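Down below are the structures I want you to see.
Here chain A shows up in two complexes: once beside chain B, once beside chain C.
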Partner chain A sequence: MRLINQQLSAPLATALKFAPFALLIFAYLLGSAARLAENPNDKLLPAMSSIAAAVDLMAFTPDRRTGDYLLWTDTWSSLKRLSAGLGISTVLALIIGIGVGILPFLRALLVPFVNFVSMVPPLALLPVLFISMGLGEASKIALIVIGVAPIMIRDLAQTVLALPREQIVKAETLSASSWLIALRIVLPQVMPRLLSSLRLQLGPAFLFLIAAEAISADSGLGYRIFLVRRYLSMDVIFPYVAWITFLAASADFAIDRLRRRLFPWSELEGSR
Partner chain B sequence: MTIIRRLTLTTIAALSAFSFAPASWAQEKTDFKVAWSIYVGWMPWGYAADTGIVDKWAEEYGISIEVTQFNDYVESINQYTAGGYDAVTLTNMDGLSIPSAGGVDTTAVIVGDFSDGNDAVFIKGAGGLADIVGRDVNLVEFSVSHYLLARALDSVGLSERDVKVINTADPDMVGAFQTADVTAMVTWNPMVSEIVALPDAVKVFDSSQISGEIIDLMVANTDVLADNPKFGQALAGIWYETAALMTSDTEEGAAARAAMGAASGTDQAGFEAQMAATKLFADPAEAVAFTSSSELGATMDLVRAFLFDKGLLTPGATSQDAIGIELPDGTILGDTDNVKFRFDNTYMQMAVDGAL
Partner chain C sequence: MTALTLKNVWKEYGDQVVLENLSFDVAPRSFVALVGPSGCGKSTLLRLLLGQERATRGTILLDGTALPQEPGPDRGVVYQKYSVFPHLTVLGNVMLGPELQSERIWGQLFGAARRILKDAAQHMIAEVGLAGSEDKYPAQLSGGMQQRLALAQALMMKPRVLLLDEPFGALDPGIRSDIHRLMKRLWNELPMTVVMVTHDLSEAFTLGTRVVALGRTRTLPEEAVRYGASITKDIDIWPPRRAGGDTIFQTEYALGWDDLTPHAPPTGRPDPSTEI
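Coming up: the complex of A and B.
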């Protein structure tokens, strides 16, 4: 039998799924034990018990100074910035993407510009953003929008252009206006792609969020990581990284579920 | 069960041989690594490496010293704490809160200088320090700036509750000060000299008012130093030769200052202005006197109280005594069973005696 035709039994498949995670944890535990044996106060690879204590301190104990539960205030601040940035980007992508896709005038006007802007490295713009928009929320949200929106716009415009021309012609023969065609032919067909595009941009959006929070903030997930880095508190950093990963994975899953729920037909095309 | 246990222990032993294992647990050795970062009081290390002073002294003691410049100060300390370097430049406060709190027994080999105006508190618009009440203060949290703010507030009967601290990265300080929502800031040189020149900046407090409390050191791993006193001697030799050169009023001295200025992103005049705000110990006798004075103990007491208050003295520390600090005369502040930070006059004294 060829390897490509191998049939995995259900228990084996499950075991394989968990194996890399188990291996990672095992390797960590070994490394941590080795370092702690040398130096019981080592901070680089803290023991699970210190990580648990740090989680307890960050998530379930009110802060001595402010009385807040730090993990939750950090999460809330970061999610506000992230959803504002992604929300603005999604709306921009929808409007400009469809506009560029169906109107030759807008296409001529905006396509070269958007293509150009999408190549600007957003992190290099960060100092400019901070000086022009201040250190507050606006500059952080702007960084996410600048980093994410141009790519989403390009993606959506491509999707519009890839729609079968026959559909548009057919609608025209039925005397639909440009507006009606945009609303009834194009919009419903690009919506699933918009959600998929949003999913793909979650990772970059988190990257820009953390970069912005590292420079100036008083709360946020990225802020906390860069703050405690100052005294090598890996016992706080590891849980925060795991939590960010969990948040991003949950959002990814939720958006995909939403797409299937709202547009069950998009599944038929196999665009998993 | 015993088999699994033995297997696990063997694997652990095998794994600990990998790169994660700290390099600095070795006994006697001949190759040493020193990390430094850009700051007026540490520029001599880079200059000494570039001009061969480091190699000269290393050869004299039959060792080799690799000097690495870090663009990120905290990263250099973290690398040292993780065991990748044998010595690093840092302040007395960061030495206590990062390597010592991380269980790495650390000794101050050279007390190079203290900040005498290099760190400052600014507010916008006219007024005094008391006007800081209710403002957002931009600074690098948990750095010496944070300590300076705490000391400044204390001096006028205020506390950190009266302001709101916003963590801001140090390279962005000058730009940030020029935006409308920033009204108060604490930072260090070279940013201080840039901000002083801005139209609405008022300097309301600086480190010359807490003279001798922010100390810049060259520290080394205590175990490495104990097994290799030559390393300490070479460091002292390098430092005093370079410091004498850079403070001398000669053509070579001016050239050294110009080179250090260029390396730190300014010029000779800018560098000399920063030196004026720094009490540099070019004379080892002065450094020994400073380190032996009772004021050092009082300073470290303030510093550890600050760190404990911020929760930076080992997690779960129940008092500021959690880490022991040994002073040159052998007195120990805090836990005598957990001494992790030491001031040692030995090598500076050798420079005084001409025994290097």
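Coming up: the complex of A and C.
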């Protein structure tokens, strides 16, 4: 039988699902044990016990100076920036993307500009943002928006343009105005794609967030990682990276669930 | 009094002449079937009637006044595909037109107005034979049911002219003859003129009151660009069919009309099972 037609039994499929994760942890433990055997003070691959101690210190012990639980305050400030940046980008993408997709005037006005702006490397603009908007929250949120919004706008405009022309004409014969076509025909049909596009932009958004926090912040996940880097505190960095990954993966999962829940038709075969 | 009048209509795309000097009148409540080889401009003509495109030269009149420059509720349309909205249920699709027409800000009705419209929509859904499927999405319907839905959706607007662009072309024969029967009944009962583009001659003669054939009269390669299609045949069906009344003959066609076996090449022996 060809490999492409292989049928996996349920237990095997489950085992395969977990195998890479187990393998990663196993390889880490092996490497860590080998290095620590050679040098008990090695900081590069700390033992699970020291990682657990660091997690306890960061997440469940109040900071001696401020009395905060650092992991949670870091998470809170990072998520605030991230959701503000992604929220603004999503709203911009909806308004400009649909506008550009259905109105020839806006299409002529904005498409070349948005295509051009989306090629600006956002990180190169970071110094400009810090200088012009200060070191506070605004510049970090602006970096995420500049990095994410143009791509989402382009993606959404493409989705609108890909709607069959027949549908728009049909809506016109049902007496819809331009506004009603945008509201009742286009908007609901591009929402699933908007959520998918948001999922794809989670990774870049985290990248821009951490880059901005690394340079200037007083709390945040990226800030902490780059702070403890000075002390080679891998026992803090590894859990932080795992935590960020977990946050991003849960958001990805949750948005997909939300899409299926809100737009059940988008799952049906042949609806697109 | 004519429903549709075309006077010396030309349609050109750049140098390419597609339609050449078309003139004809369509009587109210007639059912015109436009036939012709593919690429001869049938669908272009339909788009002109719809207002989706404008004639390069000539005028099109609807009930004596110039056709509006864009599609509107007086002309309904059903395409072969993409006629219904995948994000709305059957009920939502049928209610959409009146909702858009009466609520110009949100395009949605609530309360008593919605209940009245819902009753009307359910009546229409039952008329086209989709009762019981109100809460399904189009992707959950078969091709024939989707076309019934598209008809119901278009007819909710009470269009004066219904334009059909190969609406039944993708359906299998059995389904198609059912929907032909439906189409005939709707045309008989509702005050509308129908123009249908089809490449299926038997469909054209089954449904139409008049069959108009478009075609290119100049076929040499060097002539193809500068000469467009014009009317090559204009046949009134005899015995004449009139909407709302039967003809002198019963024109409901026999079962198995779409069965192509009788048209298969003869095998030398008559087959008793293919009698119509």
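In this section, the second predicted complex is superposed on the first by the 268 of 272 C-alpha atoms of A that agree within 3 Å, B and C clash if a C-alpha of one lies under 4 Å from a C-alpha of the other, contacts with A are read in each partner's own complex, and residues count from 1 in each chain.
Definition applied: a residue touches a chain if its C-beta (ideal position, glycine included) is under 8 Å from a C-beta of that chain, and two chains touch if they have at least 3 such contacts.
Just so it is clear, the structure is predicted and the values come from calculations on it, not from any experiment.
K.L.:
After the superposition on A, what does A:184 contact: first (chain B), second (chain C), both or neither?
P.N.:
The second partner, chain C, only.
K.L.:
May I ask you to decide whether A:22 touches chain B, chain C, both, or neither, giving the answer as first, second, both or neither?
P.N.:
Touch partners of A:22: none, neither chain B nor chain C.
K.L.:
Touching A:164 in the superposition: chain B (first), chain C (second), both, neither?
P.N.:
second
K.L.:
Is A:172 in contact with chain B, with chain C, with both, or with neither (first, second, both, neither)?
P.N.:
In the superposed model, A:172 contacts chain C only, not chain B.
K.L.:
Is the number of chain A residues in contact higher for chain B or for chain C?
P.N.:
Of chain B and chain C, B contacts more residues of chain A.
K.L.:
Does chain B (first) or chain C (second) touch A:134, or do both, or does neither?
P.N.:
first
K.L.:
For A:229 in the superposed arrangement: first (chain B), second (chain C), both or neither?
P.N.:
first
K.L.:
Can you list the residues on chain A that touch chain B in the complex?
P.N.:
Against chain B, chain A makes touches at 27, 30-31, 33-35, 37-45, 50, 53-54, 57, 64-65, 127, 130-131, 134-136, 214-218, 223, 226-227, 229-233, 235.
K.L.:
For the complex, give me every residue of chain B touching chain A.
P.N.:
Of all residues in chain B, those touching chain A are 8, 11-13, 15-16, 18, 20-22, 25, 74, 78, 81-82, 97-98, 101-104, 138, 140-143, 160, 164-169, 172, 175-176, 178-182, 311-312, 314-316, 340.
K.L.:
Applying the document's contact rule, which stretches of chain A touch chain C when the two form their complex?
P.N.:
Within the complex, chain A touches chain C at residues 164, 166-167, 169-177, 180, 183-185, 188-189, 263-266, 268-272.
K.L.:
Residue numbers of chain C touching chain A in their complex, please.
P.N.:
50, 52, 70-73, 75-77, 79, 81-87, 96-97, 100-101, 104, 106-108, 137-140, 153-154, 157, 159
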